[in-house]
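Chain lettering (A, B, C and D) follows the sequence in which the chains are written, and residue indices restart at 1 in each chain.
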Amino acid sequence: MISAISVGIGILLLALALWTVVVRDTFAAVAGFIPYGLLLTLAWLVLRAVDVALTEAAIGAGLTGALLIRAASRLHPAEAAAQAEAPGPATRVAAGVAATAVAAVIAVCLLRLPDPAPTLAPEVARHIPATGVGNPITAVLLSFRAIDTLLEAIVLLFGVVGVWSLAPDRCWGGRPGLAQAVGPNDILVYLARVLPPIGVVIGIYIFWAGADHPGGKFQGATVIAAMWLLVMMSGLRDAPPVSRRWLRVVLVLGPAVFIALGLLGALTAGAFLAYPDGWAKLWIIVIEAALLPSLAVTLVLLMVGPPQRPEVGP
Amino acid sequence: MADVLIADVLIAVCALVLLMVAVGLLSVLRGPTRADRMMAAQLFGTGGIAALLLVGTASGVDSVVDVALTLAVLAAFASVAFVKADRQSEGDTANEEGT
Amino acid sequence: MKTAADVFTIVAMLGGLFFFVAGTLGLLRFPDTYTRLHALTKADNLGLGMVVVGLLPQAGHLVVALKLIVVWLLVMLTSSDVSQLIARAARRQEKES
Amino acid sequence: MNVPQLFGLTAAALVGLGVYGLIVNPQPLRKVLAFNLTGNGVFLACAVIAHRGAAAGMSGDPVPQALLITAIVVSFAASALAVGLMLRRFAQTGTNSLAAPDEAAPGEACTHAEAP
C-alpha cells in the first residue's frame, strides 16, 4: 500500500518540477515550487527520514518559498525583457539531450546500488550510548560528525557576510529590507500578534525534542526565525540595524561556543571536538542551546537581505 | 488485524486526498491571476497536512505530528510574503482600509 | 471497543474526503478568484478537521491527540487570515487592470 | 518495483529536469529554481541510500540523513545569497538579464574600448 502512495507522490513531484521548468511566467514557476517543497516533505516521510521531513517542512516549504515569492514579485518588471532572451530550438534540443543523459546515468547508478546496502547504522547504534542522546541523527550531527555541523554553522555565517556585502555604501550599518507600513487594523497585524507566541513555543519544543525524537536546532531555529520575520513583515517591529552589537554577538555565539568547546575537548579528551567521558550530553546541550539563537538570527538575516536604509533618516 | 485494515484505509484516504489536491493544483496554478496561483500554497497547506498525518499514522510514525505542527505554523508564511511583496511593489499601503 | 473506534475513524475519514472533494469541485467550477478562495479555505479546512477527528482514536498517546487538535486549530487560524490577505491582494490587482 | 527504486528514478528525473531548466531558462531566478530541483534530486538519491541502509533497529542509515539536514539548510543559504545578488543588481541597473552587458543594458559602462 505504501508503494502505491509513493507512485502518486513521485508522479506529482515530477509534474510540479516539470511545471517550474517549462512554464513561461516566473511567478507561476515559483507558485508551483511551494507545493513541490511540501510534497518533498511527504517523500521524506515515506522514506522514513522524519528528521529530514521536519527540516524540509521548516526550510523547504516555509522559508525558501517566501524568499523566492518575494524575489519573483520584485523582479516582475524585468520579466518581459528576460523572456525575450529564451534560447532557440537548437539549444533546447541540446539541453534536452544533455539532461536526459545525466538523468539516465544517475538512474542506472541508483538502480544498481550494491546489495546488501552498506550502512553505518550498526556503528551508530553501538556508539550512541556514549553520547547520552536518544536520537541517532542528533548523535551524528553533534558528536560523530560534529565537524560538519560546525562548518555548516560557519558557512551560514559567511552567507550572512555575503548578503551584507551587497549593501550600498551609504546604507552600511542600517536596517535591512524596505520600511513596512501597515494599518493597525490589518489582519496581518492580528496574525503577527497571535501566531508568534505559539510558534516560538513550538520552535523551542521541536528544538528540545531533538535530543530523543526527530527535531533539533535547525528546525526549531527556522520556526523561531519565521515568527520573527512575520512580526517584521506585519510592521509591528522593524528589522534591527546590522551595526548593533547584540546582533553580532548572537550571530557568532553558536559557532564561537562550538569552537571553544571543541578546543576544550582537544585539551581534556585528546582531540578537537572530542567530548570527555560522561560529559557528552551536557556539552551537546550547551552547543545546541548556543546554536539555536545564532541559527535563528542567521536565517532571519539571510531572508531580509542586505541593509537598505541608513541608520538615521532615509 | 484491525490495525492493518485501518492502515490500509488511511493510505487509501491519503491517496484520494492527494488526488483531490493534485486536481485542485491543476486548476489553481493555471491562474489567471497571481492571487489564484498563490492559492496553490494554501491548498497544500491543508490537503498536504492531511495527507502527511494520514501517511504518518498509517506507518506508525508518531513524530509525524511534530512535522505537521511545523507545517501548520509555516504554511502561511509564503502567502504572507507574497501579499507583502505585492503591496510593496504597488507601493499603496496607505489606502488599505482596515476592516 | 477497538472495532467501534475503527468504525468511527472510517466514518470520519469518509466525511473528510467528502469535504476535500467538495473543495476541489469548487476550485474547478467556481468562476472567479473570490469564490474559489472561499471553496478552498472553507471546505478543505473542514476536510482536514474531519481527518484529524478520525485520527484521534488511532493516536497512541493523549499528547499526540492533543497535538493533532493543535495542528487543526493552527491551520484554521492561519488559513482564514491568509485567505483574507489573498482576497485583498486579488482585489488590488483587479482594480489596477 | 519497490519504494527505493521508485524514488531513485524520481531523483534521477529531478536532476535531469534541473539541468534542462538551468540551461534553457534565461531568468536568473529560474536558474536558482532549476538548481534547487537538481539539488533536491541529489538529496532524494541520498535519502534512498539512507533508506536502504536501515539496520540495527533504525529506520534508515542516520549518517546520510544527518548530512541531508545540513545540505537542506546550506542550500537555503545559497539560494538566499543568489536572490540577494539578483535583487541588488536589479536595483542598481534595472536589469535582470544574464546576457552580455552590451546587448542587455546599453547604459552600462563597458570595460573595453569601442571597436576601432
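The definition used in the following text is that contacts are C-beta pairs under 8 Å (C-beta built on N, C-alpha and C of every residue); 3 or more make two chains touch, one makes a residue touch a chain.
Bear in mind that the values here come from a model prediction, so they are computed numbers and not experimental data.
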Taking each chain's centre as the mean of its CA atoms, which one is farthest from the centre of chain C?
D
Mean-CA-position distance for chain D and chain C (Å)
33
State, to the nearest whole Å, the distance from the C-alpha centre of chain A to the C-alpha centre of chain B.
19
Give, as an integer number of Å, the spacing between the C-alpha centres of chain D and chain B.
23
Centre-to-centre distance between chain C and chain B (centres being mean Cα positions), rounded to whole Å
9
Could you tell me which residues belong to chain B and also touch two or more other chains?
21, 34, 38, 43, 45, 66, 69, 73, 75-76, 80, 82-83, 86, 96
Residues of chain C engaged with two or more neighbouring chains:
74, 78, 81-82, 85
Multi-chain contacts only, two chains or more: what residues does chain D have there?
none
Full enumeration of touching chain pairs
A-B, A-C, A-D, B-C
Chain C touches which residues of chain A in the complex?
187-188, 190-191, 194-195, 198
Where on chain C does chain B make contact in their complex?
2-3, 6, 9-10, 13, 16-17, 20-21, 23-24, 27-28, 33, 36-37, 40-41, 44-45, 47-48, 51-52, 55, 58-61, 64, 67-68, 70-71, 74-75, 78-79, 81-83, 85-90, 92-94, 96
Where on chain C is chain A touching in the complex?
74, 77-78, 81-82, 84-85
For the complex, give me every residue of chain B touching chain A.
7-8, 11-12, 14-15, 18-19, 21-22, 25, 29, 31, 34, 37-38, 40-41, 43-45, 48, 51-52, 55-56, 58-59, 61, 63-64, 66-67, 69-71, 73-78, 80-86, 88-89, 93-94, 96-99
Across the complex, what residues on chain D touch chain A?
1-21, 23-27, 29-30, 32-34, 36-37, 40-41, 43-45, 47-63, 65-70, 72-74, 76-81, 83-88, 90, 94-99, 104
